[in-house]
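The letters A, B, C, D and E name the chains in turn, as written, and every chain counts its residues from 1.
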Amino acid sequence: MRLGKVRGTVVSTCKEPSLTGVKFLLIQFVSEDGDLLPDYEVAADVVGAGPGEWVLVTCGSAARQHSGYESRPVDAAIVAIVDTVSLDSGSLYDKREDFS
Amino acid sequence: MRLGKVRGTVVSTCKEPSLTGVKFLLIQFVSEDGDLLPDYEVAADVVGAGPGEWVLVTCGSAARQHSGYESRPVDAAIVAIVDTVSLDSGSLYDKREDFS
Amino acid sequence: MRLGKVRGTVVSTCKEPSLTGVKFLLIQFVSEDGDLLPDYEVAADVVGAGPGEWVLVTCGSAARQHSGYESRPVDAAIVAIVDTVSLDSGSLYDKREDFS
Amino acid sequence: MRLGKVRGTVVSTCKEPSLTGVKFLLIQFVSEDGDLLPDYEVAADVVGAGPGEWVLVTCGSAARQHSGYESRPVDAAIVAIVDTVSLDSGSLYDKREDFS
Amino acid sequence: MRLGKVRGTVVSTCKEPSLTGVKFLLIQFVSEDGDLLPDYEVAADVVGAGPGEWVLVTCGSAARQHSGYESRPVDAAIVAIVDTVSLDSGSLYDKREDFS
């Protein structure tokens, strides 16, 4: 899984039928220093993540392990909202500080 | 999934038998700033995307989740035509403006 | 799938038993401008591609969708010989011109 | 598999239900010279790795081969704690020296 | 599959139980010019490759197609020892010359 930040929303009316009801968020990945990378992924949100939150994005067939997603053509999913990231060099991220 | 723009078409007469009838579009990926990247993918089109449209491309085994594609040797598929991409910093893409 | 050019052949006598009879071609990938990239893949040829031809390479589990390849440890396969690649900016590749 | 070093921990209370009880470690990848790369992965720990240890990280569907992980949306797992890495040019890593 | 050179061995006593008896080799990838790249993979050896040999490495679920590896958390395997790599521009590698 990789760490990313919720940056926005992708809306589509014309899509593969099984994608109806799936919420697509644009997630910009975060470096090991906590900086935003130029790399992003449009991921299905299965945990109700909100703007600016740090999340864990799972890629590949793992994104279809969530109940009801087994046959959806999804290759990325948000599977966790991050509370804290603690490194040996100190705290990288604490949601309470970020949203206080 | 990643955001891309339909740039063209790839035609092949000599191909793996199960690929007969599959339409291959060349999709150039788009950065998080909306710029075209040097990176592209030839993807099976299952939603009827047209030239210049922004689309969502799914990769890996996800590309074979579309009905009838389960056994086709396809590793990328266009699964949605994008209407809008809205970021916290403003609108990145709006199909109505792009095609007006 | 990605566009590549057949550059050569890889021969091996000592290999995983199920790979017997599989032809391995070295495919150098092509950029969206038609230039050769430093990136390559050794792919199983299931369509009879020849030297210098442009092909479509499928990666991952898709490479095992071809009949008889379901249990072979192959992660890349040539699944089509390209006739033409047409972009909005003009023709990128036409096999008849390339081989005339 | 790739070689990485355990750098820290990612904690999340709001996550996909099947991830309950999974320990997420932040693993920074190591180059073939033994240097830390800017590349990292958040991986499920199934072997009880500790801070600073070198580990083997497996990615993709391989991460769900561990007993009990078959249906968890996990795309990376720590599957081994490394004792030694020996190259033709000499020893790259020896856990006893690193932790003595 | 990608071309790589056997550079060394990775040893681990504390690992996922199903990895017992699997031999892990460190493979450094080779460019299309035959040069060593900074990129490497730790791969399960199923063909008995030796130091300095060029091999074919298969990645992803393909690495678990070898008999007995179906449920092992392995994402890379050495599936062939390379004899020759012949490009249109000449011979890139010949094992007999390399080991003579």
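Methods note: a contact is a pair of C-beta atoms (placed from the backbone, for glycine too) under 8 Å apart; a residue touches a chain by one contact, two chains touch by 3 or more.
According to UniProt, the chain labels map to these proteins: A, B, C, D, E = Carboxysome shell vertex protein CcmL.
Just so it is clear, the structure is predicted and the values come from calculations on it, not from any experiment.
Q: Where subunit A and subunit D touch, do the two copies share over half of their residue numbers, giving same, or under half, giving different?
A: Both copies, subunit A as well as subunit D, present different residues to each other, with under half of the numbers appearing on both sides.
Q: Measuring centre to centre with CA averages, how many angstrom lie between subunit D and subunit E?
A: Subunit D and subunit E have C-alpha centres separated by 21 Å.
Q: Averaged over CA atoms, how far is the centre of subunit B from the centre of subunit E? Could you give it in whole Å?
A: Centre-to-centre distance between subunit B and subunit E: 33 Å.
Q: What are the residue numbers in subunit C that touch two or more other chains?
A: Within subunit C, residues 60-61, 63 contact more than one other chain.
Q: Work through the pairs of chains, note which ones touch, and then classify the graph as line, ring, star, complete or other.
A: Ring.
Q: Output the ring sequence of chains, start subunit B, direction subunit C.
A: B, C, E, D, A
Q: Under the touch definition given earlier, write down the residues of subunit C that touch subunit B in their complex.
A: Residues 1-3, 31-32, 46-48, 56, 58-63, 65-66, 77, 79-88, 92 of subunit C touch subunit B in their complex.
Q: Note which residues of subunit C are touching subunit E in the complex, please.
A: 7-16, 18-19, 24, 26, 28, 38, 40-43, 51-52, 60-61, 63-64, 71-76
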